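Input: structures, listed below.
The two complexes that follow have chain A in common; it is paired with chain B in the first and with chain C in the second.
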Partner chain A sequence: MNKTNININTNIKSGTIAEPSLLRVDSLTKWFPLRRGLLAGRKKGPGAYIRAVDGVSFEVKPGQSLGLAGESGSGKTVTAEMLARLQSPTAGTIHFLGEDVTTARSRDLMRFRRQVQMVFQNPYDCLNERWRVYDIVREPLIIHRLGHGNEHLDTCKEMLTVVGLQPAEHYLYRYPHELSGGERQRVAIARALVLRPALLIADEPTTMLDVSVRAGVLNLFRKLQQDLDLSILFISHEFSTISYICDTTAIMYLGKIMEIGPTSQVFSHRYHPYSDALAASLPVVNAEDKRPPARISGEIPGAASIPRGCRFAPRCPYQAPACTAEEPPLLPVDSSHRVACVIWSGETPSSEQRAFQENVLRRQDEEGGAA
Partner chain B sequence: MFCKPGSTPPGRFERGPNTGMFSMKDIWRLARRDRLSLIGFFLFAAIIVMALIGPSLAPYEPLTINRGLDGKVPILKPPSAEYLLGTNDLGRDIFSQILVGSRTVVIIGLYGALIAAVVGTILGVISGYYRGHVDNVLQRLVEAAYSIPFEPLAIVIVSILSPSVWTIILAVSLVYWRQAMRVIRTQVLSMRERAFIKSARVAGASDFRIMLYHITPNILPLTFVYLPVAFGNAVLAEAAISFLGFGDPTSISWGQILRQAFTKGASIQSWWWVFSPGLFITITTASVFFCTRPFEEILNPRLRR
Partner chain C sequence: MASLVTIEDLGVEYRSRGEVLRAAHNVRFFIGEGEAVGLVGESGSGKSTIGKAILRLLPPNGRIVSGRIMYQGRDLAAISPEEMRGLRWSRIAMIFQSSMNSLNPVYRVGDQIIEAIRTHNPGMKRAVALERTCEVLANVGIDPSRHTSYPHQLSGGMRQRVNIAMALALSPPLIIADEPTTALDVVTQDRVLRELKLQQEQRRISMLLVSHDIAVIAENCDRVAVMYAGTIAEFAPTKNIFNNPYHPYTLGLQNAFPDFRSHRALVSIPGFPPTGARSRGCMFVQRCPFAEELCSSETPRPTQVEDDHWVACHFTQRASEFQRLARDPDTWLGRTG
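Now for the complex of A and B:
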């Protein structure tokens, strides 16, 4: 208990971080109005908007990868689409390499697009069915007027080789319907990489794939991180894939980040009851490891009716009156780890909350002892 | 009724799990299974061939007043070996008139349908892609096109401009772009949310590029669906205008033959004068509507057996 309080204080004072960030997102927000037309915006208060993303802040350092984890409906995809400038945020800013790109247009936007590319969830939906692989992979080069036709061929062959479609000649002139799901996703990755971006946004790129090819695609992402020094913003609801790819992990729930920190810490310490529950829902191979089953019940509520106070409170097994009073801010518990939970920021935790707290600290100590 | 029972294999669509699109191959596959649409295709092809080579095969000049060997004008003769579909009150050969008239009908049908389908496709793509204000304006235009009855509009246009084949084509395309536009717009509305369009936007593609290279190739089969529909409508429209007397006075068409028969009051005694143009109009429009049967099945999967 003492330990965490001290941490909170030191971190608040330490202020901004010196190292330049590749991507910095500040209180990014996307509210979709429920009513359209003349009366839109007239109705105030809860229910007037779907608060898909509700003030999300994080940063990605060059060469580092961030994972966004959470249930369906937690706002991961909307966040990704705002970062890829496919949707415009309601509020908040996006800085890329120190430059504000939140509302960048024409030339600035094109420059941004060369640096930030995206891979989508559904490989059966993300390729133009009427185009051949060569045309698909090559299109970004044409759009950005990079190189000539004969150079395009070499670049595309190289890209296909990089993503593991070998021999490239075998794939160049095929249509998407001739390819398997895994091959399609690799073509999509090749298309995203052909501009040599610094950041790749990957929106659940493996969830639609067959389990047998999933590992291959994940290994490809790992390889790209190392070989191309690529930063990846990886979205998934699976802890295991995130922990395989990402240095930092943010746990999202109903449009807000609940916990963010180094991946290994987030998964081992699990400061937030929601992170704990997500981890508990993972299947375990080791039969000796007898963890208590996940204690959360029910469904994620709709983003049009976000609960008062902590948005996770209604489903939280450690809920106390303090939880519904006011939304807990995202506060540091550690030099690089922040959590939004009353258990760590509140003054008087309930006995159940204290038990959870002790549990986390014990896990932390055990790990410290082992290291 | 024309379909052999059990002749339809299951799983005819070779396509991705959720694309919702179809290709020309699918259309042909569906058409081949359906005898009625196959008959439609062949009848339609026959009409086109008739328009291409028919006028040069006409046994008589269509507007010449013929004279028999005895020097008499063959007035209102019923069909015979000499005059295949009979003659009219001026001794003109109706069969020759039908052959020559087919060209006018097909020209109006093809151009009218082509313009209507192209305009409908372009506006549908723009409307569905941009949504918002653009869509709002274009949707009001479609509603206007739906609310205008065709014949009065055609009469107004013909009286402003001179009555000619091109005026009729203009009237036809002014009205019949509406169906294609509506259907294509809704398709584009759903297509623009698909990942490959998002992928193009992330790659930096302009709106124009996305509409031209990504959306249009994927909705083109729908345009082909509406071509025959618009063709059938155009043929009927031409017949109606000509029958009302607003057709091109310098060219022969089936509607005009009908009009002459009607104004001469010959429809009761000289059945052949009315029957043959009526039959050809029916065959033409029926053939194109039969052609669209497989398309209907694609657009409305519930009809699939």
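Now for the complex of A and C:
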């Protein structure tokens, strides 16, 4: 529904015009100083900052959904919070519909927020227990001064129907404590959608839900994408939910994107050793054979002490001297798929690295053969 | 296979503000010697309650109201609190999700394990206990020299390993592990589970693994008990649960569980799980696409359908029909809970 809006914003501050991206993020960075107050920022060098997000770039096209996957501490949530302008970036820019919104204030920020809404992880924390469902879903309309009071009822009914709370009348005047976890999360989604945003940021929206209910909420996200042409930025540590929802997936590690590309390719080819290790760590329901252990050592280090060179190198089974020399940039491996790893950008891979390369290419061939 | 623990018609109730919640009702299953049994269910299904009842660690408002928990000739539901205290750690060890935060922050982790060992072995020399401690730490993949570390110096994964080491330290025949890896990242979870599984198999320990994650249960358990609203819906060897399930709830769970390796559409079970058991009829009746009148009026008893395979459903003879229909998403559309 926002396809028509894309070219409206011609007052672009950055100068470049009308590429068809809804959201474009360039070198987005968030460092938290370890010292507060007067001494903040005085200390220099490693360990002075927690580098939660350390230069992340991507774009979301209208109607497309992007998944951010990674372990805890990878910076996915801070990224989402910056995109919703709940945190201000240390560096980098956010363009929405071509307009720079990185430091937008007051009315510009209001306008931006109308287009970008968020759904959070815990449906038990994010709804006001003293409000009825109607009050909760209606609040954004009041804040943004949209429509008349008597129209709100119809709008809210429509939204509850969209999110599968039917009949809407049955839910309008109930309190959150009368609802199950799945129903609460649907109310949170209805509230996010009531402004008809172009982009929905969902941070682990199904993690707290039970399996039998989660499938329903995941299907709702799919339906919203199709019916409302909504773009979704979906954050999860679960590969399975991301692969179910997203067209594009970015694998994050310690504040950086290690691999980004079409979801099916990222999960099936796994160009980055970290993506491969994550996938290999997931338990399987119907395993014929015993799953071999993932080839990865140690645990994710703190974001205050990010290793030199490739930040994954100390845990990587294919580490070579070149890995610790310089941080590998995110380079294309094909038209839509980019990877930050010397295995794909270095000139002389080690024999271990070559074996990994061959494995990836074999997986790719097998899939091509199967399809 | 000889069974180590046999749970017969166990009932547990919680009381709060004059109301009674039946958290477990007519629960029956067993854990064989050296076997891992998975207890899978959604939040509120009573799976943690069972674990706590076996350990007799129910909160003050909870109590065992019926049934027996037979373990090595004793009924754990009936013995005195003193006797039970003597059994914990030495005969039944436990690992909880929150265990990694349960270590005492002002004691070195090694000392905490040594204390557990010496409490149950009065007179054992400290040096002997230390040797034992280093051995179990090494078993779970921690450098034994880390026994002098304080909990805050260890990562979450390592703290959970310390807890597993502590559980193993007295070589108990039985371990109750309640969501032992739920708070950990996937990579760490996988490693910790592998270490736990390896020790369980090598030492021929029996384990009750409580988890909401079907895949974790599938990979680590020999048998599975599927819990729903305080009752066991189905209890069978793991292979049967996944390849030949009888209970409509088990069938529904399989459709609802996402897997990034497959591209099938997910189907949710309509409605949501109740908390606690109903007094009459099948617990799943409101969400079951195959429910009939009988299901609301009469509680199904566990029926043995094959060797080692029990199902609490009135219509076990229609299982193959259910299996076929359950694959069709439309089957699950009709009813709302």
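Note that the second predicted complex is superposed on the first by the 345 of 371 C-alpha atoms of A that agree within 3 Å, B and C clash if a C-alpha of one lies under 4 Å from a C-alpha of the other, contacts with A are read in each partner's own complex, and residues count from 1 in each chain.
Just so we're on the same page, a residue touches a chain if its C-beta (ideal position, glycine included) is under 8 Å from a C-beta of that chain, and two chains touch if they have at least 3 such contacts.
Note that this is a predicted model, so its numbers are computed, not measured.
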item: Combined model on chain A: chain C and chain B, fit or clash; value: fit
item: Partner chain in contact with A:K223 - chain B first, chain C second, else both or neither; value: neither
item: Touching partner for A:I300 - first (chain B), second (chain C), both, neither; value: second
item: Chain A residues touched - chain C or chain B, whichever exceeds; value: C
item: First (chain B), second (chain C), both or neither touched by A:R354; value: neither
item: Chain B versus chain C as contact partner of A:K61, first or second or both or neither; value: neither
item: Touching partner for A:E129 - first (chain B), second (chain C), both, neither; value: first
item: Partner chain in contact with A:H237 - chain B first, chain C second, else both or neither; value: second
item: Contacts of A:S281 with chain B and chain C, given as first, second, both or neither; value: second
item: Partner chain in contact with A:M118 - chain B first, chain C second, else both or neither; value: first
item: Partner chain(s) touched by A:P140 [first = chain B, second = chain C, both, neither]; value: first
item: After fitting on chain A: smallest Cα gap, chain B-chain C, Å; value: 5
item: Shared contact residues on chain A - chain B and chain C; value: none
item: Residues on chain A engaged by chain C in the complex (per definition of touch); value: 71-72, 180-183, 210-219, 237-244, 267, 277-279, 281-287, 291, 293-294, 296, 299-300
item: Chain A to chain B touching residues, read off their complex; value: 81, 84-86, 109-110, 113-114, 116-118, 120-122, 124-130, 139-140, 143-144, 176-177, 188, 191-192, 195
item: In the complex, chain B residues that touch chain A; value: 14-19, 21, 194-196, 198-206, 209, 213-214, 217-218
item: Partner chain A, residues of chain C touching it in the complex; value: 42-43, 155, 157-158, 185-191, 193-194, 212-216, 218-219, 242-243, 252-261, 265-269, 272-273, 287
